[in-house]
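One structure is given below, represented as structure tokens, and several questions about it will come after.
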Amino acid sequence: MWTMSWDAEGAARAIAAATESGMDFIEIALLDPASTDAALGRQLLNKAGLPAVCSLGVPEHYWPSKNPEGAIAFLTLALEKAAGLGAEALTGVVYGGIGERSGQPPTQTELDNVATALKAAAKIAKGHGLAFGIEPVNRYESHLINTAAQGVAIIERIGAENMFLHLDTYHMNIEERGAGNGILAGRDHLRYIHLSESDRGTPGQGTCDWDEIFATLAAIGFDGGLAMESFINMPPEIAHGLSVWRPVADNSEQVIGQGLPFLKGKAAQYGLI
Amino acid sequence: MWTMSWDAEGAARAIAAATESGMDFIEIALLDPASTDAALGRQLLNKAGLPAVCSLGVPEHYWPSKNPEGAIAFLTLALEKAAGLGAEALTGVVYGGIGERSGQPPTQTELDNVATALKAAAKIAKGHGLAFGIEPVNRYESHLINTAAQGVAIIERIGAENMFLHLDTYHMNIEERGAGNGILAGRDHLRYIHLSESDRGTPGQGTCDWDEIFATLAAIGFDGGLAMESFINMPPEIAHGLSVWRPVADNSEQVIGQGLPFLKGKAAQYGLI
Amino acid sequence: MWTMSWDAEGAARAIAAATESGMDFIEIALLDPASTDAALGRQLLNKAGLPAVCSLGVPEHYWPSKNPEGAIAFLTLALEKAAGLGAEALTGVVYGGIGERSGQPPTQTELDNVATALKAAAKIAKGHGLAFGIEPVNRYESHLINTAAQGVAIIERIGAENMFLHLDTYHMNIEERGAGNGILAGRDHLRYIHLSESDRGTPGQGTCDWDEIFATLAAIGFDGGLAMESFINMPPEIAHGLSVWRPVADNSEQVIGQGLPFLKGKAAQYGLI
Amino acid sequence: MWTMSWDAEGAARAIAAATESGMDFIEIALLDPASTDAALGRQLLNKAGLPAVCSLGVPEHYWPSKNPEGAIAFLTLALEKAAGLGAEALTGVVYGGIGERSGQPPTQTELDNVATALKAAAKIAKGHGLAFGIEPVNRYESHLINTAAQGVAIIERIGAENMFLHLDTYHMNIEERGAGNGILAGRDHLRYIHLSESDRGTPGQGTCDWDEIFATLAAIGFDGGLAMESFINMPPEIAHGLSVWRPVADNSEQVIGQGLPFLKGKAAQYGLI
């Protein structure tokens, strides 16, 4: 929400904002791992006492479905940076590009390539002491992994202990037959969830059924990370990748001032915090 | 739904209707245990291959809160009849009358009396090989036990292994902060649930959030009894006890023809059947 | 929420609390019209610049269903007090007692008596320049008028221009096949609504579908009064009438601090404020 | 649901299936207007007594945003075919391609071009006695018109009486802050709605809040077309355009056998049919 460039200025602003908003951790978008100054970021995070999770999508040149070796190289660097930042995990669309669509259902070759790349990356992550997450996204943002069940399938195929499922209520709203069903399908591997409204705007003001989401999370004994996500203040290239063509909230004050208390209230109502 | 008198005629009609509707078991209202012909009922149930659960509320003369000894005598007879019918459990408002309200919050003495009566009854039930359930009902039908949490409290106080919590979505819709929350509060003891719509009419046509209900049931690994409940075809004295003053469904065909497939569809969607 | 006795102390406290909470008007429970000091109340309301609506249920001695003449006398006094307070309307369970249940569906004689009493009262209200409302309540609080459709029927039977329908989401949650359906049934006469959660606790933390409620209100062009209602801080006799046996919210700060912003946010989202 | 090619075989199959399923009208996808045999279609529709609505998206070569003259030519032909088929309206993504995304918010030039093309097409439609609809689609399927409010804006800019807004619950689930809000925003121009589940599968088994949708439609007095939409049985090129990579329902029997009765039941509950 606060920065798309993890440079000195952006990192400082995001860490200050997260701390001020009462966040328990921060998710850092590793949009360009190569240019990330991990040492500086670690210093700022340490000073603020703020744990971090890193997330990313893979640039087209390194898409695992087509170029598993390139993907491994890319993810290796990203994992080094995540470790350098002192993050606990790297997660997101680690299996492909945000917007990657072949125009066909995923082929066996594509899925094999993805499994190859992720298996290697999971091992490298383990060497760094990092957990490694996989986030299904909706049909428009990837043709590869859209549902919790598909995420589970690839995690179980790879069989690495440090891999986990990362769900996102925005994507689930499009893909799952009820968010509860997605949580149920992913329950054995779910350790992280993006709480994102149906329009990627202010949580509590869209179509997500938050009571169902929190009740089901509580019922499966979820104790992973609950991360509010909203997309405002984006540079054009990110808005493009996410297909956000209009402001989805009035401003970040609305998201923080209304959406965050809403989510915290619901999480408390269901005993999750 | 089919009879309020478990006599030869009523029993035969109800068993035939339940079988025809594809029910896996039948719930028998033991409105007047003394006059129940258990042997005949058992014969009919056996012939139909239909398992049974018995339910009741306690007549005023035997209310546990005021007359624990009388309650024990009443429940002892009811448990004998339930055992005689070959039922698996006796459940319902076993802790008081349907409509029992002192006009005050429950007192410690009332709760002590209830615990005394239920503890004795649970032991007798055990001797019969019967499970013994307790169904919280809404604030208007009892001042004693309205929420899952209150049901759990008395079950844990008594500590009998054969006691279980029996929830009802109709009552939860009034008392719980989300049906999911009630299921969560009761999860350790929940073995039976009445799937009853918010107006006691046709399931799927009221205000109950069935996705939340089934998602949470699936998430806690519920494998107890799912019983559709609707109140039509009632004699005046029962309508009185339940405060039903108008038809809550067009007819029983609507409940069976629309409500039952709706519930079965949702149960299947969440993997519960 | 703030007082059950409209004496000097209670009135001052309630008016101060309503003003401080940013309410646009206050609803005054005329629990005992005879003892209400209307002149003092009017003075305090004027000073605070706070419009008022009065509400009540009829004491058993004056129940319209049985004693229409007595009811007219009672309502005449209540209307005088409401006018004396400078209120805009008298509303509520004007057709009977809170908790009045004969144990049978309403008879034609009962409904005739109610219509006689309300017709006379509506005329007296008109003389005072007061609107006169009728609030359907759930099956346990009255056997006479439970649904919007029943409220509309009696309003249209009487045919007085100053009569209006007053709905309450708490009761609708039990009686209507979706709150939207109740609003639709009452649309021609609906001018006032109690926004009350399913457990009478903090709005936004129960089972009411607030999006459906506000969307439907907006769609019918509702421009009447939106009144938050919650029942805490009640003396035992009122708790008894309403069958509230436990605290339904932690405290009034929770209702005002969480429930009120929730309702205001949703009303704004749907363009109602 | 039944055919993607409106040739003799496909038309006959679709008309037979629609009639058998109890549909009151059929929506014909004019995927390739030039090759559509309108005379044959009209004959089959007349014989079946089935009214029709035509829908389409614009091929890239004729996108209104870039090539308004080409778009006019394309739409002119499509309107001739729709008129030839005896349809009542042409609607859909008439303002662009399904999947058209520039990567930027819509520019003023693009919107001007769209308005120019649609204004001319609306006039031609009028000459044929055809209504002319515009369907906002989600952010991934177009960057031009995603919300009801955006659809209304262009309709009101053009000012043609025969233009109408066509909403789709699948897209609204992603774009509107509650489907009710979208219906409210579009109420003055809404004459057609696609009832499509959140995953484009079986209605009643996803995340759409159907009670809110039907309650709001009833409340605005909607009397336009209610069209069930589901995407199964698609050729690869259509699946590509819609980004459907997996079966979203078990089969068309599930959609017709479960989804259609669900929608009809809800429409009846809210008095819409």
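Labels A, B, C and D are assigned to the chains in the order they are written; within every chain, residues are numbered from 1.
The working rule: a contact is a pair of C-beta atoms (placed from the backbone, for glycine too) under 8 Å apart; a residue touches a chain by one contact, two chains touch by 3 or more.
Keep in mind it's a predicted model, so treat the numbers as computed, not measured.
Both chain A and chain B are touched by C, D.
Two chain pairs are in question, B-D and A-D; the one with more C-beta pairs in contact is A-D. Where chain B touches chain C, over half of the residue numbers in use are shared by the two copies, so each contributes mostly the same positions. Averaged C-alpha coordinates put the centre of chain C at 44 Å from the centre of chain D. Our note on geometry: chain B versus chain D, Cα centroid distance of 48 Å, whole angstroms.
Separating the CA-averaged centres of chain A and chain D is a span of 34 Å.
Of all residues in chain B, those touching 2 or more other chains are 177-179, 205, 209, 269, listed in ascending order. Contacts from chain C toward chain B in the complex involve residues 101, 103-106, 138-141, 143, 146-147, 173-179, 198-199, 201, 205-209, 236, 239-240, 243-246.
Within the complex formed with chain C, the chain D residues making contact are 177-181, 183-184, 187, 209, 211-212, 214-216, 218-220, 269-271. For chain A in complex with chain C, the residues that touch the partner chain are 204-205, 258, 262, 265, 269.
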